[in-house]
Each structure stands twice: as C-alpha cells, then as structure tokens.
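Each in structure tokens, the structures are laid out below.
There are two complexes below, and they share chain A, which is joined by chain B in the first and by chain C in the second.
Let's turn to the complex of A and B:
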C-alpha cells in the first residue's frame, strides 16, 4: 500500500490494513475509502466544500498513525476535561479507542467497542457500517473508512428509552510527544420508537502534542425514534479535529443537535442529515467562540428527500482578533419533498477588526410547495448596549463579557433545561473568563 | 460644595461627513445638593447632547470648558466611573439587551458600584427584597423583571424601568433625558411619583424636557432655557409656564 501513494499526506507512512481475517465487506469498504482518498488526496481550497478551510498545514506535521497504546494521562480524570460530573452513563475514548463500557445498562441498550464487534460479531454492524456515510464527495470520510480501527457503537432496540444521557468523552493524547492521527468511527442506531440523549465531549489531555482526529459518526434513526445529540468541543491549540456526522432519519424521527465549539486549532463539524421519512425533523444548532489562531468550521447539509419533513439550522458565534469561523449551510429539497419546512440562521459577532467569518448559505429546491428561509448576519458588539451597561456603572470589560455571553447563551437554550444546559452554560462562562483576562485587558 | 458645576462648556459631535459640528456653545450651570434643575428647549437645542456629555457617552468631543462633579473633574472619567461615582442617566430611549435578564443586570450594576467602594456584594435576599419593593412602588410587574433588559417592554414600561433602576442604584445626581416622551398622563404620574420619592437634601437632579407638562409633577427649583447650544434664560418654575404659553419662538429667533 505504501507504494501506491508515497506522496499523499497521512498514508505515505504506510497504512494499517485491517486484520487479515476481516470479512470481505469490510475489506471492500476500506478499499473503496482508500481509493477515493488516493484519488482526491487531502482536500484543497479549490474543492468547493473546503473553500474556506485549508488543510495544507497538516502536510507540515510529521504525523504517525495512532497505534492504540495511548491512555489517559496518569491521574487523568475525564470529568475534569469534559463537562464536569453529571448523572450520565460515562464512556471514555482515548484517541478514538474505547477505554471501557459502563456496566448496568438498561435492557435493549448495547454499547460496545467497534474494534471488539468487528473482531467478534461483525454481522451486528454490517447492516449499517459504511452504508449511511457517503464517501464519494467526502475524502476525509473516505480516509476514515480506510484507516478506522475503533470507535463507539450504540445500539438501542426498538421501543427502548435510554433515560440517562450517554456521555462520551473523547480525549486526544500524545503521551510520547509524537504527532498522531487517528480515525475514530462511531455508529449509533436507534430502532423504531427508541429514544436517547448522547452527549459528546471532544477534548485534549493536558500538554498534548499535535494531533489530528478525523472522526466519522453514522447515525440511523428508525420510525419515530428520537436522538438528542449534544456536543462540546474544546480541544487544545495543538489539535486538528475533523468530524463528519451522517444521519438518516426514518418516518417521524427526530434528530436534534447542539454543538458548542470553544477550543482547537482547526475544528470542522460537518453534518449531513437525510430526512428519509415523512414527518421527520431535525434541529442543528450550535454556538462557537474562536480566538486568535483558531479556525472553526461548521458545514451542514440537510437533505429533504420526502414530503412533510422539517429542519432548522441555528448557529451563533463570536470571533476574536486573529480567529476565523466558517459557516456553510445547505438545504436540499428534492422534487417530491413537498410541504418541506426548512430554515437556517447564522449570526456571527466579530469582536475585532482582524477577526474573520465566512458564511455560505445554499438552498437547492426542486419542489414547488415549500417554506424555506435562510438568514445570515455578521455584526459587531452593539455600542449602544455597551454604553447602556457602562452608564449603570458596569466596567467596560465586564459589560463586553456580559454582552458576548448573552449573545451565545441565547442559542445554548437549545440544550434541554436541566443540569446539561447548566454544564454547557458553565463552559461558555469558563471560556469567557479565560478570554476576559487576555483579550480586553490588553486592548 | 456644588454637586455639579458646568462652566462654559463647548462640545461637538461628528456629522455624517465626519466633520465636528458644534452643539454646545458655552453652557454654565451649577446644581447644588437637593436642587432640581430643568433644562427646556426646542428640538436641536443641544438638550440630549448635554445629558450625553455629562454621562460620558462616546461620540462627543468637549472642546472647551469644565464639568466638575462633587469636586472631581468629570471629563477625565469614563462613563462607568461616572456612574459608580453616583451619576445616573435615565435614557430617552432605553436600550434593549436580549439575553441579559433585568435582575442579573441590576445586580451586576449594584455590585460594580459596591466593589468600587470597597463594599461586599449585595446579599441575594436583600437584593430581591429591594427590587420587589421598588418594583411595587413603580407599578413594575414581576414578569418584567424576569425578562431581558427592556426587551418587549412598552414605551411606558421602559421609562418606569429606568426610574426603577435609578431607585436601586441610589445616585447622587439624576439626569432625566426627556423621560416624559412617549408617556400618557397616568404613566407620567407614576414615573414622576417615583422621581419625587427620590428627592433628598443630598441628591441633585437635572430634568431635560421639551414640554412643561412634566414639570407640573416634578417641580423644579430652577428652569433654564437652552437654545442653539446656550442657556438663554434662567428663572424659577414660572419660566416653564411662560414657555408653555409663548413657545420657544422668542429664543430660537434670538439665536438665529
């Protein structure tokens, strides 16, 4: 394999092929992925979907493929890295490898390591793995298919309701200081009428060296299934985090996501949601705050394939001096998808002159009876609001912080009320407190 | 010592082309503790500019004169310092701030002042008690306090909320910028009662208004007529009645 692609980044050091006794379908999936990736290579800014997000910097880093030996650092506590303690079922992954499965799972719920299932019961994942994600125009997703080694598999049987949230803490770690790339692969399948809340924290171990996490999550929701997917991304400044989530929704299914991105050198949250059943609905919401040297990309595609489905995209973000944010949101309404209700809104606040934001809304509508809207605003802190707060004695730095928080909090309310919302608001507060000291005091 | 002493104040504001446009052209005015001064004048006379310069709003340049507050050079202080030193501007157009709850905002403001004075933060219970008592006096519903600052408030509610804030922050100098605009007679009475309740021998007030009507309820000690950036006449409360009868023509004519 090495000879095939000596100059293509990330595979020129030789790829780790799957086990020799891998089932043929899996070997085929890997081959297909490798073929797409070797043909396309690392996407460049000439590729439309990557126009505003350059991966060129990856070529300069001497990455090696993660070998699966990294653990949490000594005394490492995933609670401290993630959203803090909560009442959730906790699963920890280090560089995409599952580090243990919670005991006492309710009946009808299976949580397992992908590596374990592929080795012992590949038929459990065969109906779904690689069948939800479309590799053709996703070179990084294709690379994931070629190199995936492990990840999380969650299977919820029809009619089963997972009462406690499942909190997955994904930690990047480079214990030997060697730059690593890894390709976690997750699979979430909810049967008809099943319900679950999945919380994801993507963080870095303290002092981690350069890392690339190129994850793919495939989600299949059966009839009337409901998944609430809450994500907290706060990687280290050494981390590149590319995440592709592909979801397929059956009739009446609901997929609601909230993504809070506050840390990482380059983070791309790409989601493709296919509404395949009438009455299906998805809400893709999120907030981000990018500081100097950070680049956060949100790329969404909602595909209305059938009539009577609804979708709602709402993202809000703030960008400090030297930070960069990208929002690409697309709504596709296919010919038969009459009575579609699809909305999209992106609001960015630039806090300094050299902050950058790129917004690209796209509506591709082939049906004639639809309600679709999109809105995008890029603004600055409202000086009238700032003066009003200061005229009541609130110091400028505090007043600015209050306004930035208010701007973001508004969308954090998408997280269902309760300890989880408080935890997300807490992350916004902590982020604000950190930037407070460094950003305003120096201006 | 005078509470506020303005001497020969000149100020400009940038016009649309970025050129400085003189608005205040030599204002002198002294407010002693316990006094209420009214500033009346036609549109464009510089009334709002005067309140904005006193409160430290950006966008205005003082080109001459002095403003001394309680012995300190006010023009050297930032807007938030002035507020913490006890100056309160009741806005003509209170600003809506989505996402910031009214209660949180008020508590932050009170604590900012306490911190500057080296005092401990207000106890949550005391704060709530104080807020409820003041809200009741001003006819401000509990539901309004739960809403974000000024969001979804009617014109009258916004003005009542301004006076509520004023009562909570216990300023030494209150500047009311056309607080009567947009109020019907009942709301005007409620707001005026709220303001009158804050009259003390230590507190001074500067009431800026276009109409005499407000001064039936908030009775001033001194009335100044402002026209074309200058105070062209000062007198007692009867001057306001005179203006109501004759209008501003005499002064705008004189200024032109």
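Let's turn to the complex of A and C:
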C-alpha cells in the first residue's frame, strides 16, 4: 500500500490502514478498491449515478484519515444520542470503531469488531467480506475497501432468532476539531432461518468539526432468513455521511428497511439489494426532512435475478427552503426473472421557495411476465387539506405542521408497531418542532 | 399467460416484414463520398445559398469536429464511419424541376403510389398539401398556391432561404442551436432540405400540412431540417410520415425539427415513422438520430407532439417542449413498437419556465422479439414556473421473454407550487384482465384485442384522421378488432 497517488483527494495523506501481515485476499481487496478509486476519483455530477449529488466540495476540506483514537465525549455512553428503546442490545461505534460489545448475547449470535476478527480470525469474515458488494462502479465503496479499518460484524447462526433488537449507535466525533474521514465496514450474516432486528442510529457528538463517514455494509441473508433494518440518520450540519449497503438474499429471505434521514450536510443512503432466491422479498422504505444547507440523497437498486421475488420501495420526504433532496430508484428485472413483482413510489413535498427535489425512478426490464410500476410526485402541501383544517379553527401554522407530520408518518408506519415506531415518530415530531420554532423566529 | 401467437404474428406483420422494401432506380447527382468543408461548400453551392447560410454550416461543422458521439443512450450499433457516406444526393431531373405534378418523374410517383400516398388523390380527396421529399430535394409541392393566398408559407427550406431569408435567419437554430448535440450539429453542417412553414397572425391553417420523407439513394445520409413558425393566434397541424426501401447497408438519418409558437398559437406535429428496421437479425436498417424541439415562446401557446414509431433499427429521439410563455402547454403522445433486433431510446423533455405552464406525457412502448426499448424523459420545473403542472404516464408492454423495456425518467423541481406526477408500469397482457373478459363471455381473441387496443388508445386518438389509418395499419396488433 505504498503506491498512493499524492494528488487524489482523501488518500493524499498516504496513510493506509492495511497491516503488513494481512492475508493475501484482504490485500487484494484493498488493492482492487484503490485502483477503482484512483481511476475514478471523487464522483462528480458527470457520473450518472451521482448526477444530482456532487462530492467535489470534499476536495476543499483538509481531511485526515481517522486514527481510531476518538472516544465518546467525556467518556460518556451513547444513551443521549441513541434512539430508544432501552431493551435493545446496544453496540456503540465511534468513527466506525467498535467501542464495546454487549455481554449478554444469546447463543448463536456473534458480535465482534471487524478489526479484531481480521487480526485474529480472518477466516471468519473471508467468505463474505468484499464478496457481496460489487465495487467496480462504486468509487466511494472502493475507497472504503482500500481504507477500511474497523466496523461491526454480526453473525447469526442458522435457525437463531434474536428477540431483542440490536441497536447500533454510530457516533462521529472530532474531539480535536480536526476534519476527519473514516471508512467503517460492516458485515451482517444471517444463516438459514435466522431472524434479527437491527436498529442503526447515525449521529454526531456535540460540537463536531467537519467529518466524512464513508461506510459500506454487506448483508447476506440465508434461506428464509429475515432481517429488519431500521435506520435513523441525524448527523450534525458539518457531517458528510455516505452509506452504501449491499445485500444478497437467498430463497425466501426477507430484508425490510426503514430509513429516516433528518440531519447532516450531505447524506447519501445507497442500497443495492440482490434477490438471488425465489420467494425473496425486500421492502425499502423511508422518510426524510431536509432543511437549509442539507442535501439528502437516496439511491436504491433492486436487482431481481431470479423468478418469483417481490420488492417494494416507498420513500416520502419534505424539503424546506435551501434544502435539496435526491431520489434515484431502480428496479432491474433480469432475463428469466419471471413473475417478478416490483413497485416503487417516491413522494416529495416542497415546503418553501428555494427547495429542490430531483427524482429519477428507473425500470430496467428483460422479462415479460412481470408486474412493475413506479410512481413519483413532487408538489406542495394540498391546499384543500389546509383549508379543511383552518375552516375548523386550527391556526395555519399548526395545520401545516399537522399535515407535514401526517405526510411523513404515513411511511414511518413501516416500522413495526411498538416503542421503536414511537421513537421514530418522536424524531419526526422533534424535527417539526425545531422547524416550527425557526420559522417562527425568522418570520 | 404469454401473448398469444396471433398477437406475436400481428406484431411481426406490423414491424417485422417490411412491405415497403424496394429501391427506385433513378440516377442521382451525388457529392463525393466523405465529409469535409468541401462537401459542405458543395451542398451550399448546389443549393445556391447565400453566404450567411454557408458560414453557419461551416461554423457548425467546425464545432462538430470538437464533439464526441454520445454514448449514454441505451442502444448499441457498430461505429459509424462519417467519411464513408454521401452527404448530398438529388434526383437528376432536378435541373428541370417539375412545375406541377404532371412533370414529376413518373417513377417517383409510382414509388409513392406503392407507399399508399397517391399525391393526386390526396390533393383531391383528402385536402392535404403534400411536400414530398425524395431523398434530399423536394420534388412536388401541392396546394402551395392556395396556401400562399392565405398567407401560409409552406415550401422546401432551401427555397425559404432564398425567398424569406429574414425569417429563416431569425428562427433557424433559435430552438436547436448549432452547438446543441452531436447529431444536430452534424445536421446544421450538411442538411440538404426539409420543410419550412410560417403561419401568419390569427390564421387557422385550413388544411393539414404533410411531408413524406423517403430515403432512397444507397449510402446517403438524410439530414432533414424542418422549421415551423406559428405566429400570434395561429394554428397549424403538421404531419410527417416516413417509409424507406429495403437494403443491407445501414443508413444514418439525423434530422432536426424546430417549432416556434407565439402568443396564443398552436402547433400540432404528428409523425408516423416506419423506416426499414433491418432484417430479423438486425442487419441493415435505418439509424434514426433525430433532434426535435419546440419552443412555446408566447403566452397561452401550445405545442403537441404525437409519434407512432414502428421502424428504424436504432431510434434516438426526444421531441421536447420549452415552455417559456406563461400558461403555455406542451404535450407528448407516443406509441413505439420494437420487434426483432430493433432498439429505441425515445422520450421527451418538458422544460417549464413560465408561470402556469402545463405538460402532459403519455408514452406507450411495446417491445417484442429481441428488441430493447427505453423511455427517457425529463420534466424540469424552474424556480419561476409558478403553478406549473406535469403529468407523465409511461407504460410498457412486453411480448416474449427475450425483449427489454426500460424507463428512465428525470424529474427536477425547484418550485414548491409546481406539481409533478409520474406513473409508469411494465407488464404483459394481464391474466386478470383476460380472465375478467373471458368470464363475461368475450372470446380470448377479442379480449386480447380489447386490451391491446386500450393500451395504445390514448395516443392513437390524438392523431389526425389522415394518419390514424396508417398508424392503425402499422400498430397492427391493436385496433383491428380481431386480434388474438
């Protein structure tokens, strides 16, 4: 790892985390990633997949590669930053490094630090790491492969059901005020028939300086495995958060996600789900609320590689003045993937002038016996609904807040009923309240 | 269930076997093969063009040399050798140009008869003025006199350059600039002929204007240039239809169409495109790389594009509307059928600039055989497009498991009061719909006809009567009433 090109952003400081005694397969993985990244560089709007999201601004920030020394502020715990509920198994990551593993894990569940496994038992991750994600056309994912140092590994043995949700609190922290970039790499493997719920909170420690978190999560679900993946992204306004999740689903497996994005300067949630077994199904849902100076990008690719799989994408979002949202969703139905059922819906609401939404819902279909559809709408709040509420004596500001909340809650209901859903709804309400307060101040 | 054999046969009939495959033998007057400044000077000299026209062509050519052929579209074709083609071919009888239909080369007239567009009959019965383009020179223009009496200018663009230079200079390239895109720029440099239409203020053009394009001379690229201007409060409906003789060499067609509407004016532009699609292996066939764009410059103006695309080996075409004037309206209705090895990447762009601008997009794609079809569209709401509306619906029907249908819409909104709605579906003929019909005693054959009929109806309905017949013939699978 000595051939780092000095002029390429983010690798110019020449630090490579790869240990000298790394296994050959890992060194190969890093080398391949580096070569993709050095060839392509930071994606610009000229790259189709990044048409509406430019990373050119990152060049101007003097990032240094995170050294793994940052801890939670004041050595505290992550409770304050976490998204309930209390009964969850809690795992905390600071700048992508695992800060502790819960002690009381049920049998058949293994949670470990990637760095630890790579150093001690690389053979545990070898069958999966870098084999689920295809990074040839993902320069940032490739950069992650080159520079990854740590992350979370969750292995659930076949038939094991993890009853309590696993709550991963991913904190970005820049205690010395130095802009940092980190490249967390997570691996989640569920054996045949295994079940788990993963809750992810991506937040920033108070007072954080510029940060770039460029994460890759690889997920492999065995036959009939079920993973419910709930994500809450509320980074600081200084944070750039790029997340690429690549999942492969076996026969009859289910992968359901809900992503709520409410904070961060630039957040890109990119998911590529490959349905590799008949009867597999995935639901990718989410909501977002972007304010001034925020740019939220949701990019989804669902790849139907076999017959009889189903997919459903539903995203709803609101954009306030000065905010920008991007939704790119794609359904690929390969040849012979007959009887595919794939749907996609994106609804965006512009709350004010100077708000922007860019949508690109794509279908790429090579089989005839399919039912695929997509829908997209962009507009403002329904004035008839507003009138209805105001006619009943509700003040305009309250009525608007109520309607925006109803618009988003509709999709938050994808979260299973219970304390988790309440926690997500709570975040939406808090976002609204903050918006309401600032609107009040400025008007 | 899969599409029935009969449906497949119908499609094969509509777009597979090409019944207009014949080559008319007329000696032609060609420019030397290849493309360079001399070729352009030759074309310009042949047309006896003024200096400004030649300068514009050369400016475009020099710019073209710096451009890269686009590769973002979802079509594949062997690289085109732009030096291995003729850029000018005119029937030799051009020197003693026909003054009336009687003087037109009888062989040409027979060609048109084979295509089912007998000029004389149309003149008498249909009330359609036909500006028939045979390769690059307009050989017959009918009803011209009658139109001119009313103030409508309808003539070959090469003639307009001489007779109405101020209009041509003002509007040519004002919607599709010379530097627009690779193929449009090439067209600017080497266009040979096309139609020019000007409808004066307040006039509703009493007849539908029509041009039939033919590609005949082997290895001749056709570079049509059409310019239509509808002045304040006027209306014109323009029909464009295309068929081409069968041959093995691929042919390049890079046309440019510019439409301009002033206040309260409307242009309705309809196309039936049935050029040679190549044989069932995809050999031969036309490369149809067309830039069509309309500018609604005035308030309350309207531009409506309707296209039925059944031909060409490769189609690359995005008829677009720039909605500048407040309350202006853009429409795009499209039926595209691809069969065998045909590829089509088509769609539209609606750029909303003015207040209360509205646009509607309805696209129906039918893909069969090993064909690949892509709808690619853009709807852009700019910050000043207060109260603008768009509704887009694009549906694809797949027949057979070897074909592809893709949808790539781009939706960009920067105004909160603008509303955009986009819907798309892809399916084959639905079992549920069939079952519903069968259960009510409708025979399967009729049921399929009903469903396919319904699939394209919204678009075919918008075609003018004169075209509806030909469109029905070309679509074939849909409206006959006995499809099964």
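Following the convention adopted for this analysis, the second predicted complex is superposed on the first by the 430 of 443 C-alpha atoms of A that agree within 3 Å, B and C clash if a C-alpha of one lies under 4 Å from a C-alpha of the other, contacts with A are read in each partner's own complex, and residues count from 1 in each chain.
Here is the rule we use: a residue touches a chain if its C-beta (ideal position, glycine included) is under 8 Å from a C-beta of that chain, and two chains touch if they have at least 3 such contacts.
These numbers were taken from a predicted model, which means no experiment stands behind them.
> So, does A:87 touch the first partner chain B, the second partner chain C, both, or neither?
In the superposition, A:87 contacts neither chain B nor chain C.
> Go through the superposed model and pick first if A:393 touches only chain B, second if only chain C, both, or neither.
Touch status of A:393: first partner only.
> Taking the superposition as given, does A:365 touch the first partner, chain B, the second, chain C, both, or neither?
A:365 contacts chain C only, not chain B.
> Tell me which partner touches more residues of chain A in the superposed arrangement, chain B or chain C.
The partner that reaches more residues of chain A in the superposed model: C.
> According to the stated criteria, A:380 is in contact with first (chain B), second (chain C), both, or neither; which is it?
Touch status of A:380: second partner only.
> On the A-aligned overlay, A:28 touches which partner chain: chain B = first, chain C = second, or both, or neither?
neither
> Just chain B (first), just chain C (second), both, or neither: which does A:406 touch?
A:406: touches chain B, not chain C.
> Provide the residue numbers of chain A that touch chain B in the complex, in ascending order.
Answer in residue numbers: 382-385, 387-396, 398-399, 402-403, 405-407, 409-410.
> For chain C, which residues are in contact with chain A within the complex?
Where chain C meets chain A, its residues are 2-3, 72, 381, 383, 396, 398-428, 430.
> So in the complex, which bits of chain B are touching chain A?
Counting only chain B, the residues touching chain A are 55-58, 78-80, 83-84, 88-89, 91, 94-95, 97-100, 105, 108-109, 112-113, 116, 148-149, 165, 169.
> Chain C touches which residues of chain A in the complex?
Listed in rising order, the residues are 48, 335-336, 338, 348, 350-380.
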